[in-house]
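Same chain, two partners: subunit A is paired with subunit B first, then with subunit C.
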Partner chain A sequence: MITVNGRTMAGLEQKSIEEVILLHYPYAKIYVKYNGRHVEPEEYPQLILAQGDQLQVIHLMAGG
Partner chain B sequence: MRYSRNESTLSAEENLRLRSFKVAIVGCGGLGGYLIEMAARLGIGTLTVIDGDVFNLSNLNRQLLSEESNMGLYKSHVAVERIRRINSDVKITSVPLYLDVNNADALLRDHDVVLDALDALRPRFIVQQACERLGIPMIHGAIAGWYAHVATIYPGDRLLEQIYPQPMQELDNPLGNPAFTPAFAASIQIAEMLKVLLERGDTLKGQLLQVDLLMHRYETIPLKA
Partner chain C sequence: MDIQKMRDSRVLINEMNYSIEPIERGYANRTLYINIGDGSIQEKPVTPLMKEKFVGGKGFGLYYLWDAVTPETKWDSPENEIIIAGGPICGITQYPGAGKALVCTISPLTGIPIDSNVGGYFGPLLKFSGWDALELQGKADKDVIVFIDGNKGIVRIEEAPAEAVDGHVLGEQLTEMYADSEEDKRNVAVVTAGTAAEHTHVGLLNFTFYDMRRQAVRLKQAGRGGIGSVFRNKRIKALVVKYQGVKGDLNHPADLKPIAATGIKYHKNMCKLDSKQNNMRKIGTANIIEVMDRYDLLPTHNFKFGGHPDVYKIESKVFIEKYVTQGLPDGCWYGCSMACAKAADNFELLTGPYKGDKVVVDGPEYENAAGLGSNCGIFDPQAILELNFYCDTYAIDAISFGTLTAFIMDCYTRGIINAEITGGLELTFGNSLAALELLHQMSRGEGFGLIAGQGVSGMKRIFVKEYGADPSVLQDIGMEQKGLEYSQYMPKESLAQQGGYGLTNKGPQHDEAWLIFMDMVNNQIPTFEDKAEALHYFPMFRTWFGLYGLCKLPWNDMTPEGNKFTDEPAKIPEHVDNYVAICNGVTGKGLDKKELIRESERVYNFQRLFNIRMGKGLRANDAVPYRSLGPVTPEEYLSRQERYDQQMIEIIGISPEGKTVEEKVAITRKHREAQYEKLIDAVYARRGWTPGGVPTIEHLKEIGMDLPYVLEVAQKALNTAE
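Then we have the complex of A and B:
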């Protein structure tokens, strides 16, 4: 299982971070951490999720 | 009688306690207008409303306190006038200034909770630092288009550093803000404020509630506090 934003999700093994983002996080500006490490957009296609991985995707916004 | 419809949600004792609390609201725009309104209608005893901005036409689509008749007036002054008409028991003070590193401690000292309704990142970090020094919980909220997030930040937790990449850079907001997003996020912030003040229920301490209202995606993201 892969943990995304603190929740375990099935069916994400072997998917790239880019695929997960395209599927679930259409918001334009995001802050992504992969196993606790901040990753840049150019890394998204190369990073393939595996059992036990943790992904955090935070929408960046500051409006009030 | 004024609070009778609150009394099934909050006990009589809790309703009474609300009058003893002092809450600061930093920003009197989209989020802030709703926060001020709800805090006053709940009967929070003392409110300090802080904003150096004045109303302009682009505020009318969403900012509760804005009206065609008050363009150019200080948002914090307008807030005081409105709340005095709604609940004259509330002691409300207008501070028509922008919060900055020089005035943050003086403006926020002695409050029980600070509600973050700002629209830029730098002052949000200033509020977090001041709240940490002063030992005050801060309820952070931010919005963009269909999206919103809320976090409850206790002194020392420094969640903003977990939510925003460091070094901090200001964000633009090409999505704008429709009326329902600040109303939604402010409601969550007010519920958090009540739970922090009354020590009830589960709060968003150490977590970020991230909401996508377009796709109805609601996530509570654990953050390293």
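Then we have the complex of A and C:
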């Protein structure tokens, strides 16, 4: 089971973090934690998701 | 524009000379009271109690308003006041977003106090002219203009029959009249309403600033709550302040160095990071139109849906490429490096009394693109900008206009109203010409525009009484609460934002809390306690901007590097530290982050008790229309069926198998309404209120809002609840 922001999300195994962000999170002002570790954008293509992984894609959306 | 003819037609009602005194640590230490009815003008001192309990800005507004009114006061009673106040930080030039003023009155829509935050130059120039606040009470027999000359120390009330009423014309006329030269125009600031404010309950105030590069008057708005309607009801045509000599230390701060250092640090970050983040300098708040659509959060067709295939026609790059002028300094006060007040220049109007004119359109803000656009099914940027322009010049709150027009279109589509009732206007989703004509009718004070101008809550009453509409249907789809129209965000899938709208003091405006992403997307506040904590902290923090004369956008529309490594990145701790440093730099009061929140708590709880005093501050008044909580209709449920079915299994614990859409709508509704009630319980407890929504005496004493007349209102409400 892979969770994103605490929720299980199907179909993410073997996808890179970059692919997940491109598919689901178009907002620019995000930061990412992968299994509790902050990861920089240059790492996104290399990090491939597997069972048990926990991803946080935190949006700093300010609103109006 | 015959300025001399306008001058010649003026009749002096009263004039007061006053001494020019320096500002001390952000305070002029006096306020100006004007009674438009009897023409009296007087000076009032700012007391230590006012500074301690109410700080400034909205705090001063509410303080004076409480004294002015009784529980029986209506918005159009002569004793209702309009108070404009900046706050002790208002007017500094070293940090962005420091030119704001807050405007308070009893709202025509809600019957309780409204507070509205506005940019432009009037707030700072009023303070530099020697006044921490301007109180306006009474009603004139004929249209008047109030003029304040902050260098000569003159306050003047004059009858002013010849000037225009609409904002863009009047702003230009008065700037021309009072400026000594082209250069001097930036020292003149004007407050206007507009013709539609005379015929509706959703009128706004325009606050001008003169754009030297464009050589044009720009308009910022105190938009929410119908303050412009109160203004015109009082027969005030305009307020003008003139002050020559703006400079960076006019607030005579306790210590300028930390203010300057903080500002430089911020400006550097803004230049480096904005283009990679929100692009505020390029497009302003409209940068989020397409983001909201992609996340299914863009209000569409009266908040039914969260997006639409045609949003690409009105996304921010369309406005950037085709309409909004780039590369001009667009700050609404000196020193703002965020500079987000975008404008479309040489925009040719296609309808209305100014058809054919090429004008400057201030906008679009996100609210305009969503409210006048997607929420009404309008995906034409030209139409959005034209609606934006006329809302501003006629002085109609664009947020309210968007939501009330979307409501009308929904009712029209459902057959609740028809062309006979609307006088031939086919107000279906997407009909921008009909929406424009509705706006023009509001200006002319005729036709269906008069009914629409009552707002959603007024229309609900009329549609039931006059046209036999089902009140429960209107209650579900009419997006207003406490009488104020919802602003342009979809709270349906975020319980925290449902509270962020429903548990506000003034009504569903997002300036207290904007939690949709934190809750729905990031899932950072999953429990009721988490949500309650967020619905305590963020409203209190954001209230603080309104006490001091600050814009909230620089707080979190740019995020400094390293923010993600902090303990609470959503609070943007570095910027909170900035505000503490600036506040202490200006006032010398030595406040810390906790005391910052405490200052807001005092005013926030005072406003809650003010609402209770006016008959609308208890739990029953925090109820919300069901469309803000979940899908009202099968159509709405089916638009998100997969999500709702999944939630039914995972969260409600019921299988959707074999159930009709209507049954699933009912199951979802029962669950969501119960969730909202649980949220209220958690939030009230966190805020120190009873389950009925009354601040307890213990809490009021703990936070220092223990004025006897305030405790009396609380005690009475607590006794009644028992």
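By definition in this document, the second predicted complex is superposed on the first by the 60 of 64 C-alpha atoms of A that agree within 3 Å, B and C clash if a C-alpha of one lies under 4 Å from a C-alpha of the other, contacts with A are read in each partner's own complex, and residues count from 1 in each chain.
By our rule, contacts are C-beta pairs under 8 Å (C-beta built on N, C-alpha and C of every residue); 3 or more make two chains touch, one makes a residue touch a chain.
Since the structure is predicted, the reported quantities are computational estimates derived from the model, not experimental observations.
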| item | value |
| --- | --- |
| Touched partner set for A:38, first subunit B, second subunit C, both or neither | both |
| Which superposed partner A:10 touches (first subunit B, second subunit C, both, neither) | neither |
| Common interface positions of subunit A, toward subunit B and toward subunit C | 5-7, 26-29, 31, 38, 56, 58-64 |
| In the complex with subunit C, residue positions of subunit A that touch it | 5-7, 26-29, 31, 38, 56-64 |
| Contacting residues of subunit C [partner subunit A, same complex] | 276-278, 285, 288, 290-291, 294-295, 365-367, 487-489, 510-511, 514, 516-517, 521-524, 526, 553, 555-557, 559, 563-565, 569-570 |
| Contact set on subunit A toward subunit B in their complex | 5-7, 24, 26-29, 31, 38, 56, 58-64 |
| Partner subunit A, residues of subunit B touching it in the complex | 27, 29-32, 116-121, 124, 141-144, 147-149, 163-165, 170-171, 173-175, 177, 182, 208, 210, 212, 215, 217, 219-222 |
